[in-house]
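Have a look at these structures, which come just after this line.
Next come two complexes, and both contain chain A; in the first it sits with chain B, in the second with chain C.
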Partner chain A sequence: MTNPNKYRLRRTMMFLNCQKPGLIKDPYIYKPDSIMLDLEDAVAEREKDAARYSLYHALQEIDYRGVERVVRINGLDTDLWREDVRCAVAGGCDSIRIPKTETADDVRTVEYAIAEAEREFRRPEGSVLLMAALESARGVINAMSICDSSERLFGIALSGGDYSKDLQISISGTGVEFMGARQHMIIAARAAKVQCFDTVWTNLNDMAGFRKEVEIIHSMGFDGKSIVNPRQIPVVHEIYTPKEKDIIFAEKVIKEIDQKKAMGIGVFTVDGKMIDIAFYDGAKRTIALAKASGVYKGDL
Partner chain B sequence: MINAVGRDIPDEILEITGKEPFQGNFYLDDKPMTKVGPTIRPIMNNKKSKLVASIREALIKCEAHDGMTVSFHHHFRDGDLIVNMVMKEIHDMGFKDITICATSLGKAHDPLVPMIEDGTITRIESSGVRGRIGEAISQGKLQGLAIMRSHGGRVRALTTGEAHVDIAFIGAPTSDDYGNLRGIGGKADCGVLSYAIVDGNHADHCVAITDCLVPYPNFPAHISQTKVDYVCVVDEIGVPSKIASGAAKPTTDQRKLLMAQYCTDVVVNTPWFKDGFSYQTGVGGASIASTQYLAEIMRDRNIHMGFGVGGLTKAMCQLLDDGMARVMLDVQDFDLDAVHNLKNVNHHRIPAGVYANPLNKGAVVNKLDYVVLASLEVDVHFNCNVVVGSDGMITGAQGGHPDTAQGAKCAIVICPLLQGRIPAICTDVTTVTTPGESIDVVVTDYGVAVNPARQDILQALREADCVPLRTIEELRDTAYSIVGEPDKVEFEDRIVGIIEARDGTIIDVVRQIKEIKQPAVYKKKGRRRANG
Partner chain C sequence: MEILKTAVAGTLESSDCLVTIEPARSGLQLDLESAVMQQYGRRIAEVAMETLDRLNVQNARVSIVDKGALDCTIKARVECAAMRAADHEGRVNWGGVIR
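After this line comes the complex of A and B, so read on.
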């Protein structure tokens, strides 16, 4: 059975350093959809064990009020990641993010360790989901097979910093250097029916640039964006919140399709637009997004 | 005797002070009262000069004596040099048993502690004390009682004669040789002299201290020559950078910004937010951010502020300059922008009594729609504590908190749920300084609680569905679930201070803090350092 959380709403995933208890104690007050509790790059090498200790107790003790708790483990090229997985699974995390994923085998290696930890800590099999961060040209090229690698995998994310280094370019702020990767990844993700997330925007003083980038990735079809500061959350949620006219239209589409289906009619018009069953899922998604964003109070 | 906020005010304290326990906000409304005036020495002789060569000379001429009360204002904030300068002279002259009646005392006045210890200063009346003086009072070093009263309460006390000042020392950025005082035009401008105006009216003697003597007449005077006995010129009265310390960069702290957003949402979704509304806010990061958010919405909806009041900041003065506010009423300036903004013809100085005295014929605070305040602690009865830290140590000031909270139609307190490991929303505040009946809304980072007495506000916010509404008990429970319920702070029996309500009744008492027995290892270290 598919984990019911696999396709949950993930517009924002906020990075939080596990080394800093003050950061991980109550990030839910900013209402991100997911938080990403980091054991990897943000944590100093000699603080890795302390970060795991904080992570375990935070997962055990803190009620994150429905915010998804994703743990970023250390890379498979380190001797840290296996213990990271045990700690995260024992603590009760919802998902694990694999950094620097390059192949489907990377995902399966971690999946195996997760399954082992689930047995060890008596968690239901399949309760921990997975996502893969693609941080290299090879990882991006292999996006399709990575997306198909595991039933646990709910999505892939572009990690722009490392990817740009691998591509031997610098980040321009225009997004031109990520065009290929973004387009390739979103197509692969949709083909495999998993989600796709965009990289972080680190210049907190350029909120206009951030907004522009979120508008672009939203229109490209990304499910959400990685976030480094709470102030970015409302911007993403606003852009991902369906507009009133879209909600009204989606509502009509769903109701009409339900009604016309019963009457045996396949194609009809709503507000002058030709509508058929192909519109159904899109309209449902709009309503689901509107509900999650708190702007839909209807009965659908 | 148990007062209206449930605090036990011992009979002996009521006896010593001649005061009543707090009986509710409107206890003295419409009750007859008599004002008292000072005993002054008229200056009819036109040959007499008011200039004195030194503070010592002023003290002698004003008949300084043991047991006298001297007063000061706090417009120079942490940059104040006057209090220490005058008290050093009083100390050097050997006077004892002095009462300081200040509008506020802060860290700048730490040097007074040895004078408390040696009996020079035996009583302190202030809107609060920060820094080492607060610690000294809490440790029981002050021989007499400390009396904490709000800005409005201080004017009331001087007007009714409950407090009497023998010599008022008024630091003035500029003065002429006949004692016309202004808050601007000098080396250490503080903009207004609002808190000191009552001292000019009610002290027996009044000494102006300035570092910038200007030609007569220094007009328009903020305090008139008719109130001033002597003028003393000194090298320096204040440190400008510390006077304008409110001019901080806008906060980037997301927690404060979140609370600011909630606060603005509360304001714009309650019935008084319409053209001509009135508003007061403080100097904290969340308050200033909230004013900026509010300004955006005012522009969008074309709503103008009728008047803003209070300690003013750049954010508030900007509204005036942009035509978004009609009038600013100024009792204190927190930054240089506010000082410079006094040039605006709609930016008016008002005396502290006009601002907040509860026992005049109606203060400006009574006309407030909104006030945005902070608090160290808020309890489930909505009582606030802005004076005593959760460790039992006196560490803050009432300022205008009780005055504006009572006056405003919608008093909003912004308070993070946790102050480090201390729950700021709790079952009972350490000390009640503003009664819960004055507080309408509490904004925290975990949600917003509305006083159940204000069903109108609750209804408006429910309908607007703009902020996460919680009960105050839910907020308290959340706080306790995160950091646990702390044990009560332990105090000695001795009462070191009283907290006056606005009307002069006693709302709470402050007891001496119990010394925490330190482990021997620290004591040893201390001794070694002292010997070495």
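After this line comes the complex of A and C, so read on.
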């Protein structure tokens, strides 16, 4: 059975360093959809053990009020990740993020360790979901097979810092260097029916640039963006909330298609636009997103 | 658990605490410093002693400098310091002695 959280709303995923109690004690006040409790890059090498103890007790004792708790484990090229998985699953995390994913086998390796941990800590089988961060040219090229690798996998995320290093380029702020990866990843994710998330924007002094980037990735079809500061959350949520005119149009499309289908009519117009069955799923998604964003007041 | 050497965990940042554990000959000695000693001193000491008891630490000198840490942080820092002081490596007993 598919985990009911697999397709939950994930517009914002806020990175938090597990080593910093001040950061992980109450991030829910900023209302991100997900938090990314980081055991990897943000944690100093000699504090990896300390970060795990903090993570375990935070997961056990802090009420994150419905915010999804994703744990970023250390890379598969370290001797840390297996214990990270045990700690995260024992603590009760919702999902695990695999960094530097390059192949479908990487996902299956972690999936196996999660299943073992679920048995060890008596958690229901399949209760912990997975996402894969693609941080290299090879990872991006293999996006399709990675997306198809596991029933637990809810999505893939672009990690721009490492990806740009692998491509031997620097981040320009225009997004031009990520165009190919973004387009390829969103197509693969849609083909596999999983979600797709964009990389972080680290220049906190350039909120206009951030807004522009979110508008671009939203129009490309990304489900959400990784976040490094609470100030970025309302911008993303605003852009991802359907506008009233879009909601009204989507309602009309759904109702008209339902009605016309019963009458045997396949093509018709709504507000002057030619509509057929191909518009149905998009309209349904708009209504679902409006409901999830708390702005839908209709009866669908 | 035997405390073999001096070990430290945590920081003096807000919402954290700095825990130092040293070997001792007999019994547990706890030194506590906190800006909220009046209100929470007893609770912090309780959490620390319960954690040491779960870890079966019988002989140690423990110092905690608290900067407004939640219970979960005090537990995490005491456990980490104790494990380091005992040279513990490998799999952790999550949900067992660590809970």
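Methods note: the second predicted complex is superposed on the first by the 300 of 300 C-alpha atoms of A that agree within 3 Å, B and C clash if a C-alpha of one lies under 4 Å from a C-alpha of the other, contacts with A are read in each partner's own complex, and residues count from 1 in each chain.
We adopt the following convention: a residue touches a chain if its C-beta (ideal position, glycine included) is under 8 Å from a C-beta of that chain, and two chains touch if they have at least 3 such contacts.
Since we're looking at a predicted model, the values are computed, not measured.
Visitor: If we overlay the two complexes on their shared chain A, which of chain B and chain C does A:I29 touch? Say first, second, both or neither.
Guide: Once the two structures are laid over each other on A, A:I29 reaches chain B alone.
Visitor: In the superposed arrangement, which partner chain does A:V110 touch: chain B (first), chain C (second), both, or neither?
Guide: neither
Visitor: Looking at A:G91, would you say it contacts chain B, chain C, both, or neither? Reply first, second, both or neither.
Guide: The second partner, chain C, only.
Visitor: Examine A:V235 and indicate which partner it touches, taking first as chain B and second as chain C; both and neither are also allowed.
Guide: neither
Visitor: Touching A:E83 in the superposition: chain B (first), chain C (second), both, neither?
Guide: The second partner, chain C, only.
Visitor: Examine A:L129 and indicate which partner it touches, taking first as chain B and second as chain C; both and neither are also allowed.
Guide: neither
Visitor: Identify the partner contact of A:A42: answer first if only chain B is touched, second if only chain C is, both if each is, neither if none is.
Guide: A:A42 sits against neither chain B nor chain C.
Visitor: Please tell me which partner, chain B or chain C, touches more residues of chain A.
Guide: The partner that reaches more residues of chain A in the superposed model: C.
Visitor: Going by the contact definition given at the top, which residues of chain A touch chain B in one complex and chain C in the other?
Guide: 25, 62.
Visitor: In their complex, what parts of chain A are in touch with chain B?
Guide: Of all residues in chain A, those touching chain B are 25-26, 29-30, 62-63, 204, 229-231.
Visitor: Which residues of chain C touch chain A in their complex?
Guide: Those in contact with chain A are residues 9-10, 13-16, 69-73, 75-77, 79-80, 83-84, 91-92, 94-95, 98-99.
Visitor: Mind pulling up the chain B residues that touch chain A in the complex?
Guide: Per the touch definition, chain B meets chain A at residues 252, 254-255, 257-258, 445-446, 481-482.
Visitor: Which stretch or stretches of chain A touch chain C in the complex?
Guide: On the chain A side, the touching residues are 20-22, 25, 49-50, 52-54, 56-58, 60-62, 83, 86-87, 90-91, 121.
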